[in-house]
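Chain IDs A, B, C, D, E and F follow the sequence of writing; residue 1 opens each chain.
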């Protein structure tokens, strides 16, 4: 049991990193990876929302969609509805409860609705047939993997400010190439903890 | 049919729960947010130059709304922006566009004119060079010429000439003053935009010493002082200084300066043109400091263009608004057009 | 308060409509989807049991077996699914088994995510065909009695191991030489 | 294990040019140019006019502010000008120009004070102030100010800096060899003025004769110890010295007095001794004239205000094609562009490099070798600071502690890419300070 | 009419979602291993985008602005599900390849970006022109990426062998290849238009 | 005073005489030791491989810089080092055109797109190697046995597949299959010691890297000596992890770098799909380097802890 959970974490963070090998969450990955501080903030916020979403998705799936046989056609709509509301709810709550926390990562919350990692995780959970704990860990791992990707990229991008990147490659192009190299490196983990 | 019903109802139920949750939350967690901050921010130029002393435009917008900064704190935006901000804030604008200042370079000692005293090697930055034995130029007041001002200008108004001097695009310059702060030799100053005549030297050495190191330096000969009809230029501490309040852009001093230290667009010097409204009241002729206007009483007066120095006193004094100042470079047609206005 | 009510009402109505529309399109497409899935399964089964034309599904000891028969109703063999853990994820394999002869009748890779051009070549007949007619009592050891793909050892090993271990179970349910 | 600090470099010391040459009296110059600012703090106001006659030791510049030091005539003669003149530190500084009358008369008001034993601490301090004594290692901090810590700050240790870690320079070395008792007397005066019992004289191990002489001179003196230091640059940096001798660290942005220490240069101590013995203020100093570009390297006792050109002439003039004339040592000295600048109180040496010795290699990209990081005695990240300065990121440079840089030059010395790191950091410091003043 | 043409062309080149605005790239990278995948994914997105734009444009005066985002999302999700179902029913092999990225159209930035940024303010014809332009702009862009990857990675063009027996570059079939090709193509596009991309945010 | 046109610069006025070129050619020189081992064991084809990658690397650098209109800096020696390093990381029997592709990728994607020397986040030679490894897995894992030239497996592969260890002496001297420069631990260590002596590499990275691998291997019940001597670990630890450009600048950072690389190497070797993890581990730590630098800023002299 514990081993399974550990494998889920390893898999989501390293082997099947959502950014580098599952191709999810690229918009925020490109958008907020220019500074390490914002990257950490965005990573934290996403991880938080992801974990909550994983739980919510699990409940919706097992108590509404599954029993009524609605999965094939209502899954997408209901998940996105839940995610959007959840994000907004969290944003409002954080702003009210802890303005300091809000300043730390609240500004990234609205960006998360359209982060496809969240939706991706929600959709993958029923597909993988995870139970509640596994789902939570899966969401958490996905968030951590995303954070890792974001932090690595932001560190490199901060260094890039001091580099002499060719004019045509400035902006997203060099970020893609760097992401490509990172993805190449992450391939080194293939075969690790097969899932 | 049954399935459709279940689906529709579950969706409706789900969205009802979520929407009500959101509504409750938005009531419960309602936070006051001053919408004026966003509106002020929108009104500001958005250059984030920092000339106001706040961290970027958003910082200033917040400060203005909180009352920590005046509505005209943005020098860059000038009158239009401060008016907009004032209307958002609901106060009357206190700034006026009359005294708009822009940056001007007050040194002409480029590579050709100013001598070097040493062979400087190192970081190509004026400030860095100035820290090495006062810089490579023999005149310790001279522009060093590595273009720190051009680098710092957020509006791309400054370019470095081939001669190693900055040239400022007066149209692009907003008068934010960042270059003035940046220059280690203080050879950029904010001057009133309307003033056209400037002493482009601030070397306070004796005339002879200045001449030794620079061909366009002020040698304190005082000829300008003597020539000025308005007492607007004086030699102070071995260098000529213009009192911008008194200067009328007549360029008399430019004519007499032996070194070309005092600069102005001499080719575009203004000339008075008397239009048809002239009733020959002689007020202009009486006030002209050079006697350039002649004419008989009750007859249209004539301007002797040779003598006219473009000081525009006549224009101000004329009770009939019959006199217009026209740039010498402008074409005859436009003069005619002015005549008939 | 009115404004909030309107928000809720609009949202609910849109959801209501959306739910209805979706259910409707599901009803339209569902039979076709079912058919497609069935077809895909059938194709795989028929491929691993040569000569079979029809399929009969049997549940035994927690496993699902597909018994292939020809048009005369003669049983030609059994097919079952097994999963191996490959280089970069699970490999789903359909295995055809003829209990009377104690031999495999063929395998088919249903899904996998192995490295393209490398591990993914387990899908190619070059690899799968070697299992046709292989005795269930063979060792299934790569490089010994199972040919591997140059440069990739893990994926073929995973396939071989998966088959071997599932056979251990299957041969107990349907012993070699026995009927089914 | 000799005492030292972490970081630093081992440049070639090149002290053999002058290390065995006894100090020579320089000729009295025909004219001296005495800048009114030779120290940290407010410049002096000239109290003589053109045409006045002055004598050696007579005060010609009055120090009005607390952090300042008066300035005295170094020769007797007539004041021929009071006007801005080029200063070896760069820029123009109001200076008093004195034409020598050749007599070198001593100002008659100067009298030797009471013996040291009979002086009170306040009397010692006022003698030091009136004598215009400033730190003679180069920075020129008024000595008396150091001796008067603000209330609440206590001093328990005085260190005499005899490290002289700058390559080429031997002025302090010769001073300690030739006049060790003056150095010790100066230390005793400082200890008495501040009521401190603990005194150290710290000398780098590459000056065994100086250590020997000083050890001999302190024999029987209570509370004074000679500390032998490892030979490493910048061992003589105030913060490094304090760390090596006492193990304490001066807090960032603080002064030695924050860790209860006073550091005085050996030359400063000798100047104090001179003032106490004869009443003569600081009007002359030992300067090492050295380097491959000078014919006869020497240690000269020169009058303050002597133009460089005259000093160079006395050492036989240039040899080969001259490249750089540096006031001070090669690591922290100031390159000069004019030779009519005068020697000042902080002129510990004049170094002449031939054109072929001047390193003018092309800068190449930083390869992040971190040699500068290892060399920095303050443990800064010079490479990062340099990159930030190149991109005008002053706020970030401040976060990376640019202001703590002591400009010792180690980073630029070791940089294989020839990046002028020290200059870049100096630039950043200048910017940060300028923006703070605003 | 000219306006409509302009709106249409905007998405094809000037504000091409993939190469110029650089948004909605998750799917552009994930499914682009073969030419037909690119076309299929592109058309699926174009369908959702166009339908959503039509509906959003029609409803633009009815939906209260405070709940407009949730409403748009539901609209988009509905059309996405329809595409999902139809693909499953009629193109099962394609569906298997495109996998999770069909449902993920719902969070594809392009759709919400155009719905919120354009359709919600524009008349119906303009909204349609824009949606088609954007959709087809996306389609040609990802098809181009697919073809580069397909030729290098498996030596085929739309499934037809074009490289003979040359060794395949396996990396092109894998995630790094997608990123690298994308980066190089964006760089080439920058070179063509001589202007570095200005970053647009997700919404 | 025009007769004296003095030079003015900021202090310091003397320099250590060290230069980038000197460092690069010294590293290249040290690399010749393992290269010599490769040539000795694998013969002429190894020599040709080295020459090919060096030429391809230098040429790519020159072309890229010409296209960008920058001055060509191939004489700084960095492309030569990349070329040699790449060759040492390739199987001796690799088709030459693949080696050219690897060198071109290493220099272009690994280095020049970031602006050239000193600005690349990743070790270019390793980028080239991993790119080839993923693109052409078959050719990149076709190892030649020394001397007889038959194909075979590397000691690590043999270990992973069959659990059989290889004789220490052969591992140490290099008479084994593998990439051409990684077989002889002896010559690699000699080259590394030379660079350590010259001060061009820092002892912390190789020591902590090798130490971590050894200790983790022992803890996980493997033979530490075998793990140290086999595969590309030695070459990686001495010549690639120590690359100045892509490793952390602070001492603590270097320790973390070594530890991290060691841990990842062990994870990939023991549990991963690839038999060898040195390249991936070093590249991964390269990616972490900016973050490490950011959080290991040394405490400066006299810094007071912020309250």
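In the analysis below, a residue touches a chain if its C-beta (ideal position, glycine included) is under 8 Å from a C-beta of that chain, and two chains touch if they have at least 3 such contacts.
Only a predicted model underlies this, so the values are computations on that prediction, with no experimental measurement involved.
Relative to chain D, the most remote chain by averaged C-alpha coordinates is C. Taking D-F and A-F together, the chain pair joined by more C-beta contacts is D-F. Between chain B and chain C, the centres computed from C-alpha atoms are 78 Å apart. Separating the CA-averaged centres of chain B and chain E is a span of 49 Å.
Spacing of chain C relative to chain D, judged by their CA centroids, is 86 angstrom. One simple way to say how far apart two chains are is to compare their mean CA positions; for chain A and chain D this gives 60 Å.
In chain C, the residues touching two or more other chains are 7, 11, 14-15, 18-19, 22-23, 25-26, 30, 33, 87-88, 115, 117-118, 154.
Shared interface positions of chain D, i.e. residues touching 2 or more other chains, are given as 334-338, 360, 420, 423, 426. Counting only residues that touch two or more partner chains, chain E has 67, 70, 74, 77-78, 81, 85, 170-171, 174, 176, 180. Residue ranges on chain C touching chain B, taken from their complex, read 4, 7-8, 11-12, 14-20, 22-24, 26-27. Residues 22-27, 29-30, 69-70, 73-74, 76-78, 80-81, 84-85, 100-101, 103-104, 106-109, 112, 171, 174-180, 182-184, 186-188, 190-191, 196-199, 201-203 of chain E are the ones touching chain A in the complex. Chain A makes touch with chain D in their complex at residues 161-162.
Considering their complex, residues 3-4, 6-12, 14-16, 19-20, 23, 26-27 of chain B touch chain C. Remark: chain B residues 3, 6-7, 10-11, 14-15, 18-19, 21-22, 25-26, 28-29, 31 touch chain A in the complex.
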